[in-house]
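Two complexes, one shared chain (chain A), two partners (chain B, chain C).
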Partner chain A sequence: MVKIKRDYIQIAMLLFFVILNSLFTPNFFRIGNFNNIITQMCPTILCGMGMTLVISTGGIDISVGSVMAMAGVLTAKLMPVTGLVPAVMAALAASVLVGCFAGIMVGKLRLQAMVITLGLMLGIRGLAQVLCGGRDIYFNKLGETGKALSLWGTYKIGGQIPVQIVPMAIAVLLVWILVEKTVLGRQIQAVGDNIKSSSLAGINTSLVLMIVYAASSMFAGLAGIFQAAKVSVAAGSSLGQMAELDAIAAVVIGGTPMSGGKASVSGTLIGALIMQMITLTCVMNNIPDQYAQVFKALMIVFAVFIQRKQVK
Partner chain B sequence: MKAAKKLYNSFYSKSTVLAFLLLLILASIVFRDKNFLTTANIFNILLKAAKNGGFLALGMTFVILCGEIDLSVGAVFALSGVVMGLTGQVNPWLGLFCGILVGVASGLTIGVLVTKMRISSWIASLAMMFALRGLILIIARKSVVISGAVLTFAGAKVLKRVVPGMQSGIPILIFLLFLITFLCMYLSRNTKFGMGMYAVGGNQEAARMMGIDVDRIKIKAFAGCGLIAALSGVLLASSSGSAALSAGNSYETYAIAMCAIGGVKLSGGEGKFSGTFFGILIYFIINTIFTYLPTGISVHWQSVIMGLLVLFSVGMQSEVLRHIKIGKKKEL
Partner chain C sequence: MAEVLLAMEGLEKTFPGVRALRGVKLTVKKGEIHALMGENGAGKSTLIKVLTGIYQKDGGTIIFDGEKMDAKTPMEANEKGISTIYQELNLVLFQTVYENLFLGRELRNKFGAIDRKGMIAEAEKILKHLGIDIDVTKALNYYSTAIQQMVAIARAISIRAKLVIMDEPTSSLDAQEVQVLFGIIRQLKEKGISVIFISHKLDEIFEICDRLTVLKDGEYVGDYDIEELDQFRLISLMVGKNTVTFERQKQGYGFADANPIVSMNHVRQGMRLNGIDLEIKQGEIVGLAGLLGSGRMELAQVLFGTRKPDAGEIFWWQKPAQIHSPADAIKKGMGFCTEDRKEEGIIPHLSVKENITIALLPRLHSFGFVKTKEQDNIVRTYIERLKIKTPAPEQEICNLSGGNQQKVLLARWLCMNPQLMILDEPTRGIDIGAKAEIETLIQELSQSGISVLMISSEIAELERNCDRIVVIREGKVTGELMDADITQDNIMATIAKGSESEGRGNG
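Up next, the complex of A and B:
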């Protein structure tokens, strides 16, 4: 009952924005607009799915933005040598490695997730910048493979729907099944609730944590590759900047508590949609960017505040 | 002897001090032909620390000790300088006052959001960061020029011709850095508020049951953090003569990193301001070393090294490692 109520309030907020937009925003119900929403939401959703898992274990992963940059740059670097698919695989493998490292530090050595991922955030961002040598890598200078990767970001399925919907749908479905239908999902939430008692109950907590952080990094890597493909450029310094904060905001607006123990996948999806709606409302009504930022801040605080009261 | 012991105890974060000394010695050996360990260079490092957000780490320590986080310090850093420049055109003293007031107000707001409205400090301070960055662009179109004797006070230098190697005098910013560090150390060790911070960060529920007003202490800590961030922004603007709109971008990350290097436990309740101070120094020594390196090495390695340093310095704090060293692995 409580769960239904909580979902209800998020959907109500989303509906509020949809109605607000349909009243005041010209061209809101255009297909092009929906396609825009999908393309822009892609990194937030992908990172948000991993972040939902991490936050539900009571941790946090602020390295996702840097992992995005690393994966994007690595793909662009390897692509001319190895071809497209191996390069993507290598970038994803590197991302998973980073996640495994964070998971081992958090799970085995019992260190605070925030510091570990902070260290990784600085380190991996630096690595991404070193890799691309301080210059942005433009895909149109990479020949055929560059064009192929650009298609990953610009291709439209049936000439209409952006390709980004595929990774988004797969990620949401995978994480939803993981959380709601599998033993591992139960274990993840148990670890977040009380790590000591779940360890005593026979859960291999360090393995669970490692899987969670690896998954978060993998999704971040995927997000980085798709984001780089969308803009057709891999920039070590700007790719994925602030992505971690967007993802955290989406998760928290979606009703997953920062203290852990509960994961709401549908909530994160709605949270990301609400964030996107806020941005969209501002952009399509020609509100200047600086006012939009203040508005966005107010809306985030408001959304989280409503959440909190409902949970209590 | 007793006094010496007391002084030593107040710098308890041994590993950080050790790392600092090690780094200093190493750098002076490697760069001995480039005069690394000269008075001028040491003062240069201190000045850099005072100008480029060293203060922010001190403020951040208050909040982290309470087990919270403040992501808005970078934005406060920029906003306070801009506000000082704009209101300073009316009256310089009003400018200084308003510049610092901005930080206190934003800190108080975050504190109230976190304690009374029960919003996670991540979200509250993130929202504050967005709002303040927007506000900066609303109130100013381009960077604000700061002039006048009162407003540019922080550019002053004192003790001319006293210290050898520093003929033109020592910037007062350096004294302020030391002064504020000692003030914070005093606050955290000798006052009810300071003790309360450790209690709240260690175990909030226990602190509440002991009769500590948890909300009040958290709000004070956030206000203190905002105050120091604003002061830092005012000092930078005042010493450089202009307030840039994009100042302090992503400084919050560096401030948290300096705290982590200084041995402050990021989940709250443990850590010292002296540790943070050495964390700041370590950060800026590495920063300076990178200006000494040959041009073939990418400056971006700096970020990698900083990340490794954070990982290493927390890795050493791990309870698990400590037990392995002693030889009895306890059930954790």
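Up next, the complex of A and C:
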């Protein structure tokens, strides 16, 4: 009985919000509304997938918001010179480098993930602002390439479904396969569960940790590019701000324990949906955003409370 | 002198699944240095924790200084006059020496403010008295571990402790520092303060202690005046004749012509290994005997690549081994079941299946994807072969009993087709049935040509299983036994011998 409750509690929470909205929120089932959910969830899902991996190793990565900004600005900066695809590649490569640095610090040198990624959060945010020269870069001033990138944020597949569904679906699928089906996935969870035993079983723990942080940064970079495309502007100071907190919240609500050892990809997906539902419920019922934040806080505390029972 | 300070009688303590103390007795007289002896898991630290109020006893009485005592917290025991000096010091390293001495009972001047001058003067006086001349205004972490320990002792004296408990105080001290510490312990004795001294170094016990109590598997074995004992007697009391009545089956030594799989030449590591020479032949079961702290664990760690040797050479099939990490050792064909299953063995929340195959996975995939069919087959094979009792392969390993966890860990290495298995205390904390199964398995390994290095503090287990026994003491090989020479008495005699030949001289 208790076991069932644990596994399905996130789904139950999500259902609760769906039912609540279908009763009280007018226009809840309109297609435009679902499209909104998809576009707004994109950064949380992308960062959340990387964060699921990081947290399942017992670490944390609070630099993802800043990495988003860096990747967005870098793409916008390079694009007029190199063209769209090379610019995106370069931005992703830079993101991966940042992640590798964090991974080496955490894995090889055994430094605190919180402290390292806090440093990166500040440093990379600064770097993003330096890169864009303190001014936001508007894509409509970048000519054809600017228009092309804007499409990454505004295109609707079949004239209906927002393009963001593509990176989200790919990210969720990739990470799910990684966690459930691959050798690396087992090793990630083993390292998070007991790093000493893992090392004695021949796992290269520092390499595993480096890959995990690199993946987290890569997803963050991707999120940054898509988010910049959506608003058609790359702003070093505001792009991806607080994104790390949304991602962590989604992971925690989704049931991946902060102490590591278990990764729940579907949980993070549901966690992100729940967070989005709270925002949506409040917005569509004219409840001020401040209240939405309080509800989210309650959800997080509730999720941690449930985890406490799991440990017992 | 004959007055009793502490009398513990019939002490009982049960943890879920383990009876840690069964009617244990401990009597310490005033001004006596009393050693508490026993191998790992004998109940020494549980006993101390009950005495100092960290654990609550389930039965028995404690009489301290003529009064019945039942400390609920360490603070309470402290107020009664019991001071404990742990391996990990409970001092504040970033504060100064004098602040540490007066922690929690700072001197005040007439305005109620902290009287630093007074504390500094008092601290200097206390330490001078102990023969320690240091600047008390420096932070504690400025000084060596030895000095830090002295400060802890000084603190104990200054709060008028009647009993000071020292848990392995010499483990990180060099010979000279040990002598300074012993000087201070003797001063305590003169002041009429009693000391409970826990150490695995027998030479130290014989040098400093008046009397000792031996525990084994949570039971009281006896207490003895130090004069009644020699090292041999003491060791046999600690490791005991085993109650399990398996007999040694082996006859003859059949490995004289076999190829050596591993040779270590003059391997040194830190303070623990002082020039180890060891050879293991193909299919041979080599037992490594020695007391805790003799370097037996470090030897295994060096071999498996978790510790870097400072000097010496290691050969694998007569070629330089180049082992820098466990991964290297595993690639060569080694497996290592550590002593501490929980911390350095199982991956608690992964399934039995994943725990068995975690080391094998790098060989069990196509393009990074786990070959689940083969994985399931291997897991099924080993669960049957080792008779692992688990409701399902998907069960989390932390829910299994100790014996079954150990079998899973053995399976983890066996499925790799190893050439050498290092087994550190393979049957510790395991019930008799599983123990017999594991011992049978070890013999089967040897018959199939796998070499085994078996480390055990249980002499009887070594006697039953090994083809050759190597005895180490203080990081050196001090003896070797083969064939008919392998008897419990001989093993214990060899362990004891090491010190009498050289230990007395520099003691």
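The working rule: the second predicted complex is superposed on the first by the 295 of 312 C-alpha atoms of A that agree within 3 Å, B and C clash if a C-alpha of one lies under 4 Å from a C-alpha of the other, contacts with A are read in each partner's own complex, and residues count from 1 in each chain.
As a convention for this text, a contact is a pair of C-beta atoms (placed from the backbone, for glycine too) under 8 Å apart; a residue touches a chain by one contact, two chains touch by 3 or more.
All values reported here derive from a predicted model rather than from experimental measurement.
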Practice task
Could you look at A:202 and tell me whether it touches chain B, chain C, both or neither (first, second, both, neither)?
Solution key: second
Handout entry: chain B versus chain C as contact partner of A:110, first or second or both or neither
Key = first
Exercise for the section: Quick one: classify A:291 as touching chain B (first), chain C (second), both or neither. Expected result: first
Problem - Contacts of A:89 with chain B and chain C, given as first, second, both or neither - result: neither
Problem - Contacts of A:190 with chain B and chain C, given as first, second, both or neither - result: second
Exercise for the section: Could you tell me if A:258 is touching chain B, chain C, both of them or neither one (first, second, both, neither)? Expected result: first
Completion exercise
Chosen between chain B and chain C, the partner touching more chain A residues is B
Practice task
Answer with first, second, both or neither: which of chain B and chain C does A:129 touch in the superposed model?
Solution key: first
Exercise for the section: Kindly classify A:151 by the partners it touches after superposition: chain B alone (first), chain C alone (second), both, or neither? Expected result: neither
Practice task
Kindly list the residues of chain A that each of chain B and chain C touches, one partner per complex.
Solution key: none
Fill in the blank from the handout: In the complex, the residues of chain B that touch chain A are 69, 71, 113, 117-120, 122-124, 126-131, 133-138, 253, 256-257, 260, 265-267, 298-311, 314-315, 317-321, 332
Handout entry: chain A to chain C touching residues, read off their complex
Key = 181-184, 186-187, 189-190, 193-194, 196-204, 261-262
Fill in the blank from the handout: Residue set of chain C touching chain A in the complex reads 304, 306, 325-327, 329-331, 336, 338, 343-350, 354, 358-359, 361-362, 364-365, 368-370, 412
Exercise for the section: Could you please specify the touching residues of chain A with respect to chain B in the complex? Expected result: 60, 105, 108-112, 114-116, 118-127, 129-130, 133-134, 236, 245, 248-249, 252, 258, 289-294, 296-298, 300-301, 304-305, 308, 312
